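Each structure below is given as structure tokens.
Common to both upcoming complexes is chain A, partnered first by chain B, then by chain C.
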Partner chain A sequence: MTPRIAVVGGGPAGLSAATAAARAGARVSLYDEGAALGGQLTYRIAAVEDDGRAPVSARHLRSRLVEEASRAGVDAYSAAVVWGIFAGNRLAVRVDGRALTVDADAVILATGSLDRASAFPGGSLPGVFTARAIQVLLHVHRVRPGRRFAVIGEGPEAGEVASDLLLAGGEIVARIPPDMPDLRVAGEGGVERIEAGGRVIAVDIVVVAAGRQPDPALALMAECRAGYSETLGGFVPRLDARMDTSVPGLFVAGDAAGVCGCTTAIADGRYAGVCAAAAVGVLDDAQLEGARLRWIASVGERVRALGAVPDHHMQVDRVLA
Partner chain B sequence: MSGDNHGAMRLVDHPTLGPRRPATEVSFSFDGQPIRGRAGEPLIAALLAAGLRVLRTMPRTGEPRGGFCLVGRCADCLVMVDGVPNVLACQQPVQPDARVETQRGLGAWDRDG
Partner chain C sequence: MPRDNAFICRCEEVETATVQAAIAHGARTINDIKRRTRAGMGLCQGAYCIDALSWVLHESGGTALDAIVPMTVRPPLRAIGLDALADLD
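Presenting the complex of A and B:
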């Protein structure tokens, strides 16, 4: 039987991992919870770097990655939520209203990242959204939820969502640093005004763009060793030089292994796909070494950051027992 | 001025993405009020486009919530659909004649699922 590899997440890392593993000769299935494959490429419109080459539109890159996966023979499912991972690399999947389990010889987690939260008074009022929520609304659903926007945050996400809002005809009435001490959002039954730095500004929508953090939920459910890394954006699984975790046959790539952006996620994904293929025996060590050198050449700093995650294993199972 | 709908609008065209895809209209109700959605979009898109932002109230404090992450993680946008509570408005597609209601607290089942 051809070894089976399951990939969770159909963004840049997941699609690249699936393609690499399928090209190496594994039988690959990919599960993504979104209505369409592509992850961040479905809701971002800013130009993204394409593997060191000239920047391309997210839409263009998305079609290319999806097409490559399909040509490589990847069995890809969208609207498929992987809600659990159990011993022996068994996945619990909900797709088309059905629940099923998937047993794989190796699993690659490419679950991406989540918006970082930022706590301030009024932050839970209707009309406060994350940066990604705004991008989903504007670019996937084509709804602009207000006219006057305040953007909280200073990083690249804040700049990107502000420019997205301007393109959609929105007005940026305030850009606010994330840790402003007197920041407060108020209104009756929803956002009406934002108070910061002694000023009161009328707004329709407040956007929280406080950066991104890896989504480690499935990796932690699998109880792999993990640690906190500021460089990588939060709590991440500890990986060895072959992108695998402390759980046999479990690999992690892309933002889920540490927030890294699109280009690096693609490089990560390709390498993790090759590593998983080698682990299930469809590639030999020489081919794996070639892939490792290419990965290091394209994302050297990344390799160092992943190797430097401290060990803060929580042993959740022991606590519960 | 933003008016009643908080300045919300549907983006028929977009400078980078071009015109939106065509979609058939889907009518449903929210707390008895008729709402027009577009086939394939989630409830929250149609509700926000109509300027409706409060989707649930909290069980203890009664504070309003109206969606935050839009990707099925935060549970801020829970609504009742056809008498079934705890439906994520950001994930549930609009359905013709669906009866969508604000979820008060934990909500209540008014039929067997």
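Presenting the complex of A and C:
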């Protein structure tokens, strides 16, 4: 029986991992909770650095990754919610109104990242959005939820969402650093104005672009060793050089292993797919070593970042509830 | 650092000051904070607030960031119908 690998998440990392594992000879199924495969590529439009080649649009890259997975024979499901992971790499999946249990020889978690929250007075008023929510509204639903926008944040996400809003005909009336001590949002029943640095500005919508954090929930549910890393953007599973966790047969790739962006997520995914294929016995060590060298060559900084998490910091004694 | 009277956990509407008070009364882990304040027990199951809670624990409680233990995560991870559980083998 051909070994089975399950991939959770159909963004750049998950699609690349699934393709690599399927090409290596494993039977691969992929589950993504989004309406369409592609993860961040479904709601971003910004040109994406494509593995050292010329930059391409998110839409183009998404099509190519989905097509490659399909040609490699990956059984991919969208609108498939993985709501549990249990001992022995068993997944509980909700797809097409059916409940599935998937028993895999190896599982690759490519669950991506979430917007980082920011707490300020008025932050729960209707009209306060995260950057990602704005991008989904603009590029998936084709809705610009207002005209006058304030963007809170200074990183690349803030620049990207501001540029998207301008392209969509919006007006950026304020760019505000996230650590302004007097920042507050106010209005009757919804956002009407933002106050910061002694100024009061009338706005329709406030966008919080405070960066991203890894989404490690399934890895934590599987009880693999994990810890907080500022370098990697939040709680991350402890990985070894083969992208595997302390739980046998459980691999993590892409933003879920530490926020990294699209190009690195693809490189991570390819390598994790090969590592999982080797773990289930469809690839030999020489092929694995070749993939490892290619991964290091393409994302050297990443390798250092993952390795920069000192092992003793990751020794987590779980406090049982 | 989140401002004191802002919601640090939006799902359960828990203010930062409430979390700080829990720490002052002896909460030392994310799970302690969760049990005392309900922060992290809402729809998102702590996915969004775990980072901010970690920073408060670090800045108000003096715990090193890399010594913070994440909250216990249990199924179901997403809101699913009871029929999904009933259908399981």
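In the analysis below, the second predicted complex is superposed on the first by the 309 of 321 C-alpha atoms of A that agree within 3 Å, B and C clash if a C-alpha of one lies under 4 Å from a C-alpha of the other, contacts with A are read in each partner's own complex, and residues count from 1 in each chain.
Note that in this section a residue touches a chain if its C-beta (ideal position, glycine included) is under 8 Å from a C-beta of that chain, and two chains touch if they have at least 3 such contacts.
Treat the numbers as computed from the prediction; the structure is a model and nothing was measured.
Counting residues of chain A touched by each partner, chain B versus chain C, the larger count belongs to C.
By the touch criterion stated above, A:V136 is placed in contact with chain B alone, chain C being left untouched. Once chain A of one complex is fitted onto chain A of the other, the partner contacts of A:Q213 are limited to chain C, with no touch recorded for chain B. Contacts of A:E33 after superposition: both chain B and chain C are touched.
By the document's definition of touching, both partners, chain B and chain C, reach A:S124.
In the superposition on chain A, A:G146 makes contact with chain B only, while chain C stays out of contact range.
When the two structures are aligned on the shared chain, A:G190 is found in touch with chain B, with no touch to chain C. Contact with chain C, but none with chain B, is seen for A:S229 once the two complexes are overlaid on the shared chain. When both complexes are overlaid on chain A, the residue A:D204 reaches chain B alone and has no touch with chain C. In the superposed model, A:L167 lies in contact with chain B only, and not with chain C. Common to the chain B-facing and chain C-facing surfaces of chain A are residues 33, 114-115, 124. Within the complex, the chain A residues that touch chain C are 33, 81-86, 92, 94, 98-99, 101, 114-124, 179, 181, 183, 213, 215-218, 220-221, 226-230, 234-235, 310, 313-314, 316-321. Those residues of chain C that touch chain A in the complex are listed here as 1-3, 5-8, 10, 13, 16, 29, 31, 35, 45, 47-52, 54, 65-78, 80, 83-85, 87-89. Those residues of chain A whose C-beta lies close enough to touch chain B in the complex are 33, 35, 45, 57, 59, 114-115, 124-130, 132-133, 136-139, 141-148, 167-169, 189-190, 204-205. Remark: chain B residues 2, 6-12, 14-17, 20, 40-42, 45, 48-49, 53-55, 63-73, 76 touch chain A in the complex.
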